[in-house]
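Presented below are the structures under discussion, each in the form of structure tokens.
What follows is a pair of complexes built around chain A, which joins chain B in one and chain C in the other.
== the complex of A and B ==
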């Protein structure tokens, strides 16, 4: 019997699939140590205000309450939360951010106090009794309004509400715009959405003497340990972070959130294990994106784009120590995407407002660049009367031009963007859609097709921050031949552990079932950086490969001696050479139990290696550009939509994604990631939106008001793969965790505009909810009357 | 300080009305609205009266009239032959879990402007049977709903059953933003001898009932569409003006209500397959 394929490029089932599907996996909330207490966070009811006083008397005497903590008390025990990416390190404004507000609150929902009690219900009831007296200050909820000189200031020692202003790009876009045959301009608003993982955040802290163990639903256990050591003033060696199964992260669970320090502190002060699990209303506070772009694009009559100028105002809400505030930088630097436009100027203002902070989110700002660029390309095509597909073809960085340095500094490793375009047009049957569109228009129905190209920089590195572009893995074979892989990358639920196990099994020539993966435990795993930026298979897979090759070399050397030949092969758990076979476990046992008989081979079947991919360059070039990403995935999306012009409702009819993430380790896992990202993009394109009332309180605090797409809203997402290996990574693979958000938004928006072309509609943002689409139709009718 | 509410699960209707007699209890039907509110601590009732075992579920038909027990679930309705309500129940958002729990009586009593049930009951000229410790009274569906989340039911009364006359020709269209959204506008059309009765849900705080002329030149006829627009706009005003919430502004609901009304007429008249 031959086993199902498990090597690189095959899709064995997930190692933990059965456990997950049968509800036996252990998530954060499943950890319930004896004596555990529950924490509930008291959150600000006002968007901006000074805390006059906090009365905790009633809460303290409520049943079951062990501890009530205010910001002033917390500040005596815990320092400011270190930034994942410190704005000061990038020349921006910063503020000390603490686990509980001290003196002032800057958004509704900000933690101001915490209650610890025997049960969650008791903690909730007591939290309701905490009385906070605020001096309410004027607030600002809109980034453009926050830019005004007389706008309320969130951080009084700043000159305004701007975290930083940056300018990117090379060349002389103004001159190119002046020479262009046509200049199209537009304003695009991308509304605030969120990530909404199935499992919200949660932490469980337990102290044993001066040693702290934190179980966390998080992405970056080592950075969390580093951070807690800093805030709590505890030696890092006395902290252990364990990340159990994680039910989705999407960037939200990168650390820097106030509750991480808070829960550890509450446990220390209460003298008992303390758990806090976010509820859905709290999870929905986290923003994922919100930007306004004003752009001008110059093009020649043949469709060649010669200049791009874009002014971005990014609303990050209040400042956060989490990585979320930095996302708009990537919106700027990902422009002009995969198009050869040397003359660009991108101006970026990152602005604070009295809304909850952005948390990092899949796409990490790159999605906004894709959306805006793809809208711009379609507007050029429309203006010139050209086919949008052809305008893309004319402007793509050609396949023979890689590595290609963009105007904003990114060095695209490889790609075949025209190939993606051809595959997409073919898969979606572009001519067929156009024929159906013509037929339906005769009957007063509006079918449209839209394209969205996406260039997805992945596996980032940012010196001096918690963002590292390398990672570390240990591969260890035991005396019985079983393999333990301990890696610094973690799985947010996407299954990279299966991919890494495949790589190790393939390198060692042993069955996949022999390989055990250990992730997310700072006491067991080597130093690493967890999960973000599509890095897990690039650097986790890369370091696992190096370590496995060391072990493999040792096995080969031992087997060569035992088989008395230099020509040994390892396959399916058997060493073969000189016409004889020897099970790999026997080779391992020989080395580890008969080390002196074997001779001068060091008796260790273990290796720890780090992998640094190529193509990262932090030395600014003559234009000040740096290059923080090794790999650039690319994808081309086509959406076919039916628009009900009487109600404004957009129905997705078909969807194709042609995807190129280089070598695929496990295609099924890649498709899982891509479908998730596309669905996230479709939701933000059509229905999702965080809304706030006039006082800055979240109005969309549940899934009946924050509308995620459900299965019935999403057609079969058809995947086409193209493989253009990266020259800068171990297996030629590129990040595959994020691609799809901006491409989906763009494809849908372009499809809606295409559908409603007879009405002359121009799309100006997302989400394209039915009321928004109807408003666009009205606007077009007014414009033409 | 909150304490757990008293939980009462009567075995029959008399037990229910007795438990309600002091007027302080919160009634739990299928629990799809009440239980989440309790979970999140948004309501803190002193007593809960669970109708689950009071024998109020089930559909019986006699002499052209159907009696639907208040605790009849959407799933039971879906598999019943009750005109319009079976169609409505089939499209309830939330999947099998919600359809197995949610009840027609619970939805009527909750009187959420965005729910499917109220407008369908008004369209059918259903009669609602309210029971209290001293007896019963019957209220026409059109008189039952007073405003958003408000009905004529007194705190010591329970909606026990709903009487539905036989209706053969109807059309039901529901407009949602996406699968997971509450209905934004629903339209239930019942065809009468020489007119159409269309009742809109979601458009106003209470169901908006309008009488329309039959479309002699089809439902796409611009003149008939103008007639629908005028009638629906007026009906919405009478029903309290356009309903507005975080999902859709009132002006949008008012705008599409005539469209959804016309589509439900088209369906009732079999212009397209039902």
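== the complex of A and C ==
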């Protein structure tokens, strides 16, 4: 790599590297303004109950305490938290959600009161003195139990515990199932996991008169501003949100949490800056996924799949104003993934239980579709005695069929799924693995290989939400030629700022080092939607391109006059034309300081542009289907595992991901995203699981019991790239932030089943922890005896 | 409150601490060095790693009191002005971080490994890194960075 390689397709290092590597970067908890107080949230200890009374007397008189706030008191100052995605807008049930519970709690861990004190210790000590008297109500922790008519009701004015029931798909799957040569069915349980970024969530609010500044570890600064304006009744123009450095988020830090309003309110009432940072126990309350699927798949003898019926029960815990509750919708609509199956019926129940809410999570429900579909394909192969790779090949949407509308309505823009399959099989040396498997089986060892295809809809534009599928960027060149890019997309750590800077530098023909990025500041950046859905390079990069092209056009016009030629080129910070050279800063200075001499060119080197990708359609078709995604990444995963049948331990031996996210702006950043997502999928496939005790209290409340993958658990994740440009985005790029979670789960599960095929094991869920694997082996042995 | 003495990155600090004050909070809030991070407070993630009297230590699991008189080095001490330590350069070149929150632990652990084992094999690298969590990278690039740093002159 040469220092000059910074354009699209090259991998310059992270522009914020020195700051992060030396410890100079300022994360939320590093801010300590003068006079700052600390908040601690008092959380419900019961899963379901009415609040009879809250006694704050002892807490109020404890040392250092500035303020104790209950839900009743908070409700006098702050309105309901608006939904990031409103269930009512999608025909579902909603509830009035407050920053602190009023009257009733629906899960253990729900905020019921808050304490503000001089120091963290004083706040914790006082929080321990808050006495909450509950009338404990019967609770329900399991979504299937919550569906029963006589189940405890979380929200008493609802007809049941279902937020919404939806049906997706077209055709006549029942007729196709009846005609099929074989029908395989299964039940799959995907356990509750969580995103667990290394930096917990937190907020710091300060009021100066009637203006509010909030530093936040948050992905959506403009939406946070809008929401606070609503809940607090403050003019939006008087609120500034700064989210500069965020220590990972993965969806968790999307806006909509109760503590956002709470901390701003506490600061207002305390008359001082107030900071709250959740501890790890609080962070682990947030769920990422929990679903049960019951599916039937019909196939012909040649492996062609003709029908899919899937019934999904999604457990979202209690309802949340954050986007997390809506993820199961995407589990349904991402089926049948990249397979050409026109006859599908997906029934979805989104169910509330007395567990903490889901928060948005990388994968956003799409991961469950991949897991279920890839299990189904493997079961078809097993049933028909066919090679799982061949069954995939026979059912993929063919490369010449794009754009392709799926049975559930997604309009897949482009792809070459067979190409991914070929590359994966080649890279993993599929015949070689099969040979080794046979040799090891002779010696009583269990090696297995599993495939997982993933279709990843990205850069969403969903109706009924706080956000949209475009974004906005300003590109500004100063009188010295330095470039400032202000964009509405944010970076929680993935490095999209470097990618956007690369695009702008390339468009303007200036060195990358001249480009400065500003993100996550509502006073400086144009209105935007932040970070989610693998959108940052699609719409952040797209809008930056448009704005940079405007500035470029202006520079060319000015340089043409100065060089007295119409044929000007901008490269490496120099304008060249008519055999002469002029540094770009001189062109900028000429326009911005000698505008009258230059003539009739408006002396502005700045442009603000929005970019709307194509392929989005909210008008329901004759089947009621909409199309909320411009572009679809795809990937094929192969996992090779060694299963110890004595201990149940699964060891990853090899891993290949063939990845197609269209044009790559910075391939090293893309690989970083992919490896991170795969590793998250590996964790949920093998070790991660949030468990609750019978009373609904989180049992896995630290990293000793909630087991993230560690360095020694992850093999070299080998990356193979395929580039099928999207016809609907500026650079042909597709989202690259999420692909890997579902594919990794599926590939590992299929590999474990393949390894244990001699024992006749059938995998029915994740995680495949050692006890879970031993249980599968026991079950298979009992079944065969 | 009791006064303890800490030498942090060569600078002596006299700080008043509560018996419950953790070393990580004394370093961050009293010595004012916020490069050391709090990720879990249970000794599991390693974001709070510092070097105490020559050994990497999870500073969330040490009471400030018990570190009275100790010589502490934090991630801020790694670079010499604008000159990055070879481990830092290798992490930058290999894209061995994303959000950067885990970096204090990763960098100090990598440096300690290379000081005792200048040419570690992969197993030694993985064993050393196993005490530090990263949720962004999937670790591959971190391992590659340690390998690269081992090949560079210190």
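Note that the second predicted complex is superposed on the first by the 781 of 785 C-alpha atoms of A that agree within 3 Å, B and C clash if a C-alpha of one lies under 4 Å from a C-alpha of the other, contacts with A are read in each partner's own complex, and residues count from 1 in each chain.
Quick note on the criterion: a residue touches a chain if its C-beta (ideal position, glycine included) is under 8 Å from a C-beta of that chain, and two chains touch if they have at least 3 such contacts.
Note that the coordinates shown come from a computational prediction; the quantities given were computed from them, not determined experimentally.
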Which superposed partner A:18 touches (first chain B, second chain C, both, neither): second
Partner chain(s) touched by A:770 [first = chain B, second = chain C, both, neither]: first
Partner with the higher number of touched chain A residues, chain C or chain B: C
Which superposed partner A:495 touches (first chain B, second chain C, both, neither): second
Partner chain in contact with A:691 - chain B first, chain C second, else both or neither: first
Touched partner set for A:704, first chain B, second chain C, both or neither: both
Touching partner for A:137 - first (chain B), second (chain C), both, neither: neither
Partner chain(s) touched by A:647 [first = chain B, second = chain C, both, neither]: first
Which superposed partner A:147 touches (first chain B, second chain C, both, neither): neither
Touched partner set for A:250, first chain B, second chain C, both or neither: second
Footprint overlap on chain A, comparing chain B with chain C: 279, 703-704, 708-712
Residue ranges of chain A in contact with chain C within the complex: 11, 13-14, 16-18, 20-27, 29-30, 32, 120-121, 195-200, 245-248, 250, 277, 279-280, 492-495, 668-669, 671-672, 675-676, 678-680, 702-704, 708-712, 714, 716-717
Complex contact set, residues of chain C against chain A: 18, 20, 25, 28-29, 33-42, 44-45, 47, 74-76, 78-79, 82, 84, 88, 91-93, 95, 97-104, 107, 125-127, 129-130, 132-143
Interface residues, chain A side, partner chain B - complex: 62-63, 124-125, 128, 279, 281, 646-649, 686-687, 691, 699-700, 703-705, 707-713, 769-771, 774
Residue ranges of chain B in contact with chain A within the complex: 1-2, 40-41, 175, 177-182, 184, 246-249, 252, 255-256, 259-260
